[in-house]
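Note that the chains are named A, B, C and D in the order they appear, and that numbering of residues resets to 1 at the start of each chain.
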């Protein structure tokens, strides 16, 4: 008896969960932010969210339309992310989804988003498949293609004449892409190559091997907390005499934890907070004033995404006509904080890339700083595989 | 090669010692109170976070560490009074569920208080840097300190359990709860003490790693499962077993990671060896555990049933 | 007899409620409801599988997520190889799960109590790390499925509703199977071994064989859940095998009432609805979920498991 | 003919010898009682014979076959069943189910997954018969946990009988029973005599001397004497070691 009653209550409860029907209101622009906001990597998602919302506040009504921004957390779990993406497009009627941070999540959410006809704009992830074979007219990236940052470091190592570089990356797809990207523009010798366990905290065994080999330089791809640990332990192991090259390993999201240990470490990037453009100065100042921290690329790319959307929607006169909206987006009718910025035929940016170095600023905060420009108007190497209809 | 081998062995020992610090508290609670505590890992995490905050407050890592100990002891006491005390006589399943709930609460709570971004503690100046060990190989001073602290803890536990009155009660409690009660010892008070002490050990471990590893909301879980592996290998309830199990796991994991691919290369092609090594390395400790349990279902130092 | 009737009625009510849900979704104009519900059904299958050994066999497996993952990966691996049929995916998932359950179960069942909980957890972690390192299938990133499994050579499951009804049909079939098992000769031996293993030996049974068989059956059922969840998500990654998933499955079984197969289905529904609902309230929903869990456990005077077991056999 | 031959059986916990080079022979069809002071090792002997506990050395031959090293469930299938000193039943099952599952063990085919076992008439009839033999057939549908202590002892016996043993090892079947319950159980045992072999451990000397065909006296892990009740009663060694100390006053 009680069981039947429980089940009745359950059925009633399940219908309560039904959300409002998808808002197909032509005057409202619905943007879903699908970012990683929990777990150890949440700081990246938080930066992207803050960057986007900073732009949205500055703009007011994005694209001149009533704007509804829905922020959801993908928990860095692909299965959760797919369902959240579906909820955004099916239930909330999102016209544009901005996300995700991580490439593996991109693989999971792209299909449900574009299947519904919505636009997906990545403020960070740039996996090779979406730049190449699986490019899609509804998918844009305001960031970069993953390999490019590594290619910057490869080109630098090549130019320095290193001939014995030790490679280190976590054992997952992005890690493999990173080392492949580095080798794409580096032709010297490799002292050793180690793929560590994803999420590994202690690198003493790997550092011992590096110490034994005494390479010309180390190239590492260790995003998030892994990078914090690696950099600090690298310094503790007394290896700082060996140049440390990296991508996504020392940036403003990890520097608050790495602090002095990371100073003078080198990285490749499409931007740094001290990039000298008026838009960038304004952005960095506003961001630092509001959030009391130095922005990283994630914040910058999301900030640009919001401004891209604003400009394109104005140009297309709304979001109802998706073809017009896509055509407008392709023109990138806004001034990026990065200065030079345009989209290639695969909807990935053509932009400049720099060698950066970690510095301690006068105000005591740590940040990356541009050393030299490595690539000018650089396009990814997958664009040839992209057959967009 | 030999020097690299020795250095890696030292790395393995250091990792093992760290695991022992966490596993020691867990195995005491497990063995003596027959209590499954999934929340042990989050106490380790809270210890690390407190070390970060206390170090910032006092400006000294040493003081931060000293403050963390009573703080985690207190947290252990409070948790014991509020939650665990009510679960001792329950089936293991209830304990698993309640502590699983606690893991969710604390992990989320830590994110609310300290944020999700990884934090860290600056290495104390005196202990930073490295000393030459063999040839060009250097070893970080702080890791030697971790080894020393772990060995001191192990010795301390050995003396307490083997040679003091409370240790005698602990040993009796592990054998028969009813007997200890019959001897007129307040078993609940004893449990409270053990639990708080175990929490403090976990907090100590958390504070010890804060200068080496990042402090983030996921750190408790990874270590928790490895600590379970350690005490299951060692035999639940045996501190000696936890020590042996921790060293075994630490050394096997470290050596497997660094020399596994080299060994595999002897029997297969380099590419296949690299791939196989990457697949096998993280599974190694679990394979070790399965092998040991298949031979000895109650672990190396466990009581036969 | 009356107890049976109520249970049958409750089952009818619950399953017909599920059958009507897509119509409700249409009425409300909320097609996402079907998506959530499919996920609930998938987890209900896994919870049902776990309850079979946890509730009736007394085996607290803290590693059942591994089987869900094995099922999910069989979809990914076969699809990649060009085999898209749902039947083939189910068969492969079951075969993989049976193999894994046989080997790990044979070792795990040598142990008791806490050791069993821990060793099943450790084996699941082993499977987790295996797939994390399996770079051919994306490692930790996982793989996107290009399409859902085909049925009779046609892409029938692409329609959300069809997938929903197929999942529901599988759940009902497995529920009936599980009920039959618990009432069979085999089920009686299994329950007996939970109640008093020494007594079972003293009448001539070796509980090990029966427990291992049940463990294998349960693993196979959980792999079916994985196949359906992979289709629902369109994505397969080691996240399916995370130890949190194992924990959540135990929570579902306990919420619904241990040793009550329909309860496992209800428990999965309650737990996932609760997650969804708390998620609407706050981004820190895990804090509330954990609190609710702790309070439920503390509030039941004789223990959650004891509470429900009494209801099982009045 | 001897149905059970035990030679040189040993078991020690550390330095403590619980079973010390023990020899024992049980003739088929007899009720063979084993008596001895507390701590003599009687329950350990039953555990060793049934296979629940291991042995360090020795031989246990049952109906001509060696049983050493065989697990308990194999020995049960060979025809050796036991009851427990501390009641061991399936508390959540009804009395009938408790016995039916024992019948099922004997009948084989327990890897049957689909047919509802509750409806199997053959199992239930055989179980009912066993319940009737111990006199609790009218309590068949009561949950075992709800039975009185005496009824549980009877159920325990019924379960053991349902495995159709050739040899039944009874570990203090009268423990904790009231006078009336004990009477009933003694009646059941008397009725069983002759149809199967019984090895009985019991503290109630009245019952032992009334029921037993042969008696062995176990002291400190050794059998010091074996004989008919009259022989045992007259054995000076036994009187000195055992009867003299504990139960002289109860002697009939």
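Keep in mind that, in the parts below, contacts are C-beta pairs under 8 Å (C-beta built on N, C-alpha and C of every residue); 3 or more make two chains touch, one makes a residue touch a chain.
Since this is a predicted model, take the numbers as computed values, not measurements.
Asker: If every chain is reduced to the average of its C-alpha atoms, which one ends up farthest from subunit C?
Answerer: Farthest from subunit C by mean C-alpha position: D.
Asker: Averaging over Cα atoms per chain, report the distance between subunit B and subunit C in Å.
Answerer: Distance between chain centres: 31 Å.
Asker: Centre to centre, by mean C-alpha position, how many angstrom separate subunit B and subunit D?
Answerer: Here subunit B and subunit D have centroids separated by 49 Å.
Asker: Please tell me the distance, in whole Å, between the geometric centres of subunit A and subunit B computed from their C-alpha atoms.
Answerer: So the centre of subunit A lies 35 Å away from the centre of subunit B.
Asker: Could you state the distance in Å from the CA-based centre of subunit C to that of subunit D?
Answerer: 43
Asker: Of all residues in subunit A, which are in touch with two or more distinct other chains?
Answerer: Counting only residues that touch two or more other chains, subunit A contributes 37-38, 171, 197.
Asker: Two or more other chains in contact with one residue: find those residues in subunit B.
Answerer: In subunit B, the residues touching two or more other chains are 111, 278, 281-282.
Asker: For subunit C, what residues touch not just one other chain but two or more?
Answerer: Correct list: 129, 132-133, 135.
Asker: Identify every two-chain combination in which the chains touch.
Answerer: Chains touch in the following pairs: A-B, A-C, B-C, C-D.
Asker: Across the complex, what residues on subunit A touch subunit B?
Answerer: 37-43, 46, 171, 195-197, 199, 201-202, 204-206, 208-209, 211-212, 214, 224-225, 228-229, 232-233, 236-238, 253-254, 256-260
Asker: For the complex, which residues does subunit C have touching subunit A?
Answerer: Per the stated touch rule, the residues are 6-7, 9-10, 13-14, 17, 21, 24-25, 28-33, 35-37, 39, 129, 132-133, 135, 138-144, 229, 233-235, 237, 239-240, 242, 262-263, 266, 269-270, 273, 276-277, 283.
Asker: Under the touch definition given earlier, write down the residues of subunit B that touch subunit C in their complex.
Answerer: The touching residues are 30, 34, 36, 38, 83, 86-87, 90-94, 96-98, 100-105, 107-109, 111-112, 221, 225, 228-229, 232, 236, 275, 278-279, 281-283, 286-287, 289-290, 293-294, 297-299, 305.
Asker: Show which residues of subunit A lie in contact with subunit C when the two form their complex.
Answerer: By the definition above, subunit A touches subunit C via 1, 3-4, 6-8, 10-11, 13-15, 17-22, 37-38, 73, 77-80, 82-83, 86-87, 90-91, 103-104, 107-108, 110-112, 171-174, 176, 197-198.
Asker: Applying the document's contact rule, which stretches of subunit B touch subunit A when the two form their complex?
Answerer: The touching residues are 3-4, 7-8, 11-12, 14-15, 111, 115-120, 122-123, 128-130, 136-140, 142-143, 212-214, 216-219, 222, 254, 257-258, 274, 278, 281-282.
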